[in-house]
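Single-structure report; data block below.
Each chain gets a letter, A, B, C, D and E, in the order it is written, and its residues are counted from 1.
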Amino acid sequence: AETNLKNLDFDLSKVTRDNFYDIVVPAAKAEGTVTMYNFAGSFGDAWKELITRFEARYGIKVEYSDVNGAQADQQLIAVQKAGEDAPVDAYFAGGGDYPLLSSAGVVGNIPLTTILPNMDHYDPAFAQSLFGRPHGGAYPLVHLNQTAIGYDSAFIKPGDLPKTFDELLAWAEKNPMRLGVTLPSKGGSGGGFIYSVALNYLTGECRTKLTDYTLTAEQAADWAMTSECLEPVWDYYRRLLSAAELTNGNADTLNLINNQQLYMGTVWEDQVMTFIRGKQLPDTFRLTLLENGQVGSGDAMFVPANAKHVAAALLLIDMAIGKDFQAWKLENKASRSPRTDLTGDLITPETAKYLLPSSVYPRLSAPAFWDMSKALGDALDEKVLSQ
Amino acid sequence: MTILAETLPTARARVFQEDDRLLVSTGLYAALGLTIALPLVLMFLWSVADGWAPPHVIPRDYTLSRWMDMIADPGLLRAALNSTVIAVIVTFATGLIALPTAWAMARFPFRLKRVVEIFILAPVIIPGLVVAVGIGQVFLFLGLSYSMTGVILVQIVGTLPLMIRLLTAALETIPDDLIHAARSLGAGTAGVVLHIILPLAVPGLLAGGLLSFIGSFEEFDKSFIVGAPVIETLPIKLYIFLNPYSLQLPVAAIIAFILLLPALIVFVIAGRILRDDLMAAGMGKL
Amino acid sequence: MQAALRDRRAQLALLLLPGVGYLVVFFGGPLASALIGSLQLNGGTFTLQWYERIFTRATMLRGLKTSIYYGVAPVIVSLAVSIPLALLIRQNFRGRKLFNGLYKLPMAVPGIIVALMVIIMAERGGFIDRVIAPFGLSLPKLVRDEWGIGVILATVWKQIPFMTLIITSAFAGIPEDIRHAARSLGASRLNTFVFVEVPLAMPGITAAILLTFIGSMGSYAVPDIVGSPSPRPLSVLMVSEFNDGKFAQVYAMGMVLSLFAIAVLLAYYALTAKIGVNRAKGDE
Amino acid sequence: MSELEISNITKDYGATRVLHPVSINVERGEFVTILGPSGCGKSTLLRILMGIARPSAGEIRLAGTRIDLLPPEARDIAMVFQSYALFPHMSVAKNLAFGLRMKNVPKPERARRIEHALEICNLTGLVERMPRQLSGGQQQRVALARAIVMQPRLLLFDEPLSNLDAKLRDTLRQELVDLHRRIGATSIYVTHDQAEAMAMSDRIVVMDGGKVVETGTPLDLYRAPTRAFTAGFLGQTNLLTADADGLRARLPWGQIVTLSAPAKGSVRVSVRPETIAIRQNEAGAGMVTSVSFMGANALYMVDIAGNTLKISQAGAESLIAAGNRVSLDFNGALHLLSGFERAEAA
Amino acid sequence: MSELEISNITKDYGATRVLHPVSINVERGEFVTILGPSGCGKSTLLRILMGIARPSAGEIRLAGTRIDLLPPEARDIAMVFQSYALFPHMSVAKNLAFGLRMKNVPKPERARRIEHALEICNLTGLVERMPRQLSGGQQQRVALARAIVMQPRLLLFDEPLSNLDAKLRDTLRQELVDLHRRIGATSIYVTHDQAEAMAMSDRIVVMDGGKVVETGTPLDLYRAPTRAFTAGFLGQTNLLTADADGLRARLPWGQIVTLSAPAKGSVRVSVRPETIAIRQNEAGAGMVTSVSFMGANALYMVDIAGNTLKISQAGAESLIAAGNRVSLDFNGALHLLSGFERAEAA
């Protein structure tokens, strides 16, 4: 593939999975340093772990920065426009940011999934495209996460636990203001949820359109705003929101559950783990997925087109996807892995009880389509909330 | 009229008395405690609480590990240092740039003054985000991105308006005759500026400097786009944890304290030199 | 004479240059590019669509209304607190100096931290709720509520010191004799306050009102965190558009917000110029 | 019973006593001036009368009713402030109407009284002006009108002319006197300007250091002060020590003079500059050290045996230049100051 | 050649001419007062001399050198401002040292000169005080010291006493005169207080409406003003119209008087109040309308045939009460005002 990388100091086109370390390690050592961005506040400790291992192994210094995803995206876009060197070499960015970043030409054109040795067990579902967008391996997920329904089992008997979207609605109407639904535009668990609702209620033509990954963001927005197909979704939300609490974000939902104001809510699996570890959720907190599936997603690590330390960045991403680190991440952060050889069985039972049970995951995990989620969220605002 | 005077004696005026004074101060300090001290204390408790769910009014278990983790980050110290250096330079540079302009605003009558006044106030009115993106572009073009200089230059946009206004207010109070007297005693322009205007602008400079310092210390949007990741300030380092959609209260509480502490210290120290009348003269008229 | 005048003009220009020039380059430039950006499609063709969206989309229209509401409501509440507070501070109570320094602390607290405090204190199941729970009481919904009470609380908390400071000075600027004169002419304390002190402090009070209005209308963190998820004020919607990379939309929204603030300011100028209060020094 | 009876009023600010027991009676329709140096407590006394400050002790009666416990708005007193204290946000008309509105005077009566006050104070035509559009003298007259429109039992003036320039002060002083003659309100006028006090008042109360020093008509106080303080403050004077024996006394340089009252031993006398005649005399004991021409008179400073005397000569056709020797003639009896005079007046 | 020559200075602010061509010469060591009503352009002229304002036309020479184009700091002139303009952030010592530092006077010399100035102005002991810790009179003296320490060729004073109270003004006026005598600097003193002007100056320049009206020594101007404006501004006067025939003239009420110079037809004369003697006389043509006791003298207002005359009687032992009829005696010749007098002085 043609490369859009500006600062290559080695012949990238010659690199294969087999000769990767032979070519890249010396080049990376020559570069001597690599800059990494992390957009997820809760991942700092994980990256610290990785960096310690990386620096010990290769003796290459990692300059690490926690960033605000949106700001960093805009920074990189601006840099790209100006044709300057990128300030970062390896950027851990939201999976949903790909369309924005790639359309601005920020993503470096490297077939990572085919040349990184540690990606030999990479899930083919994400290897060449992400949520229906082809990226040719340049934007590989290194962390998977799953939206889910979380509940405090102290207040909900196992028999009462909703299993479908209809049951969830019924439960909410029976327990007014005890279900928290994250506003889609303020948290992925909400965005994932609205898309999951749509997946559940739309059929035929409508469903085809809903899962048409070739739609651009504008087209998706147009469709969501105008299509009759979505009436069932709006109806569902109208009823749901008259009985449930609309919250201002993932953390907001969890916080209200910790305050024992809500008993159930839309959540991210990995974030729940972080909160449990920080004792900000009760021990009795559990997760489940609804029948017909809820959205799963992930975050990627990529090399910007104008990165200065490409070789070192490759080496870092390679290590991030390595089995050791992925296993560590799974146990400690409930961060699922795109590696096919790393399954839930590896998790200790102590941790496992806070994660989605294997009866529903990965069975009920549906692929995300963030542009559509976003479109649905905006349309929800317009058609339901603002009426 | 005499009738009036005779019917009124019962309407004895309440005069402020010794016991009222005690009442007032008790009331005011109680209000202060409830609205300012209590939230701060609770925030501190959150930062050291190891789990804090209802019905507990006060956490049962405590931990310092989060503080330790946070403070152990070597980047934090560097960021704090950066922030301080930047804030100091921004404060001085702002004063320097603002002085002549404030002098013109205070001393020269001219027709477009109102327009200039609004323009100077505009950065306070226009959302920072709108400007930040534009500036990012300009700075990349000028090669100022990722540099201390760039961050300083961009922060001054935010601190300049208040400084100019406060200095203008301070300079307006210098009588013309003082300048004339200095000139009649043989001082040239430089002498007048150095020995008369600058010393007399000190209250304004202090008030403006204080606000500039705090403003610079807390600025995020513009600094990030221009400076990160090479120049990391405290807010850049910490705001990620304050992402409103995923913030964890205990961590956020620690961050809040780290961000707040220097500002609070400066404010408490400088509260003494911050002259209310100047603040009011600078901001209390449009 | 002519030469002197020109000389003075040159002096004026030279003096204005550093401050105004700086702002023209580093603020006016970006602003102009934002304005141009708000009128362009991606390709660079002229369009008003971004503005059109603001005035046709229900979300945005409600957002605009909400922005105004979030601008006005805190001002009214702050005023109701600040004026009595200013009057109390004027009294010579014990510990006045210390209080005078302490009450200004909120001015140094970033909005996002204020929002955090509101969550900690006033969220359902939060601190106050827990304190009053044993008495069988519970707090009404103050965060995320329709009336934006949480937002108003947080904004008011942050703005009261600023407002109080300015109003205190406005009252302090009224000569004692004027108050005494009113009393000597038969006005009670209340009448003196209403008919003499308030009108005289008005320029300061209106300035404080306008600046807090502008400040709260543009604030983002507070309504984002403790405001109702719907409707959201324009400032929050703007950040959300920014996160989606829709710059043109962000610019357009920023322009509308700013124009609104500036319009209010100009209306104020026009009004006061007519009434003739508050004549600025140096206007000739 | 006097119209106003001020009995033993004291005022302390913390530990400092600003007013020592002060007692003053004012008769109905009288124009009394309180005269004293800056800081002697004049304003404090007025403020206590007005009710703006509270006395630490003592009693005040106005027309027989005790008023010291009433709030200012309930006293039937109006005051003209040194700073005028016009309401800057009200037109002249509104300023005048304010007090009447506060006292619920019905509208037609209000209009009538305002009309009258405007006329008295020469303000017709300025009713719609705002205070800042008025000159100092006009502002002063508005302040006055605002007080008299209330038709108070008692009118107080706190140095109302001190902010005006000399020429205007003269004019307004005259107007005030005329006005008082016309409306006849009982008035207390505070000033530190002796010329003002003498030209205006029925009676002068001289104050110093929070105490009343002496009270009397302008003429009495000027001609026969009992205290050196009064003599020095009310016009210019020469204070001399003389060696008395009956009605005759010897001045330090040997000159023999007549006293106004018999005394024995060392006494202090006050001699007004205009009562000494100066004569050029090569053999005179005095020497002119300076001479200033004051228009209507010339003021000489004469050194005589180590004493410096002020001598005023009216309408002198030719001046005696500094450096000339002169002799002095004391016309009439020298005024003897009261014995219990303190040294401070030296 | 005079020390200071002001030739045809004019000043326009936009379209309004504030100074019409003004020319004044001042001799070395002379103390000249510029006297005129408020707004007549006195300060403007001083500011032009100092270099703070620029003349629209004209020339100024100091000791022969043209200075009107020099910046203020290059002129050898010091000024005492009405507001004192002390540097509030500097102690008295620093205020005094400022000008010397600016002129790079070496340190020992500086100390010596400051010492001297402090002594002259009676300020020793106050050197370390800040201006706000000084009383008005003390501030005034510091302002003076700060100017004289510069040992300028020319000293300017802009109403330096007008902010002080009457008593203090008298004292400092005397001090200023003494000081001038001691240091002998050429001085221009601006005031609108005629008593001040007369008491202090070698020569008075009377200004009105941006023009010099008349110049002369205090005595000459007081006794023989050529303009009604001068007569009225410099002390009090009565301006009368008389019907002249040679040295004799008839006043409106028929009284015949002598003139200071022969004239013919209707003329205007100025009569000082103190030159008229008043005599109680049941058959007199005048009637006393008011009398104010001024201490050293009494001031009568007498109505005579529709004219109101001011009459001052010195040291009157008993006053003539208002309402009594009096007759008037004019002592000496009445002063004839110059013919080309405008009506404005009426």
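Heads up, the rule we're going with is that a residue touches a chain if its C-beta (ideal position, glycine included) is under 8 Å from a C-beta of that chain, and two chains touch if they have at least 3 such contacts.
Just so it is clear, the structure is predicted and the values come from calculations on it, not from any experiment.
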Counting C-beta pairs in contact, which comes out ahead: A-C or A-B?
A-B
Where the centre means the average of the CA atoms, what chain is farthest from subunit D?
A
Between subunit A and subunit C, tell me the centre distance in angstrom, where each centre is the average of that chain's C-alpha atoms.
38
If you average the CA atoms of subunit C and of subunit D, how far apart do the two points sit, in angstrom?
54
Find the geometric centre of each of subunit A and subunit D from their Cα atoms only, then give the gap between the two centres in Å, rounded to an integer.
90
Could you give the separation in Å between the centres of subunit D and subunit E, each centre being the mean of its C-alpha atoms?
26
Could you list which residues of subunit E touch at least two other chains?
none
For subunit A, write out the residues touching at least two other chains, lowest number first.
74, 186, 248, 252, 255, 258-260
Got the subunit C residues that touch at least 2 other chains?
119, 125, 129, 188, 224-225, 242
Which bits of subunit D are touching subunit E when the two form their complex?
37-38, 162, 165-167, 177, 192-195, 198-200, 218-219, 222, 234-236, 272-275, 290, 292-297, 299, 312, 314-315, 319
Inside the complex, what are the residues of subunit C that reach subunit D?
175, 177-178, 180-188, 191, 195-196, 199-200, 202, 276-277
Residues of subunit D that touch subunit C when the two form their complex:
47, 50-52, 71-73, 77-79, 81-83, 85-89, 98-99, 102-103, 130, 146, 150
Residue set of subunit A touching subunit C in the complex reads 69-70, 73-74, 77, 100, 104, 183, 185-186, 217, 245-248, 252, 255-256, 258-261, 374, 378, 381-382, 385-387
For subunit C, which residues count as touching subunit A in their complex?
57-59, 62, 119, 123-126, 129, 144, 224-227, 229-231, 240, 242-245
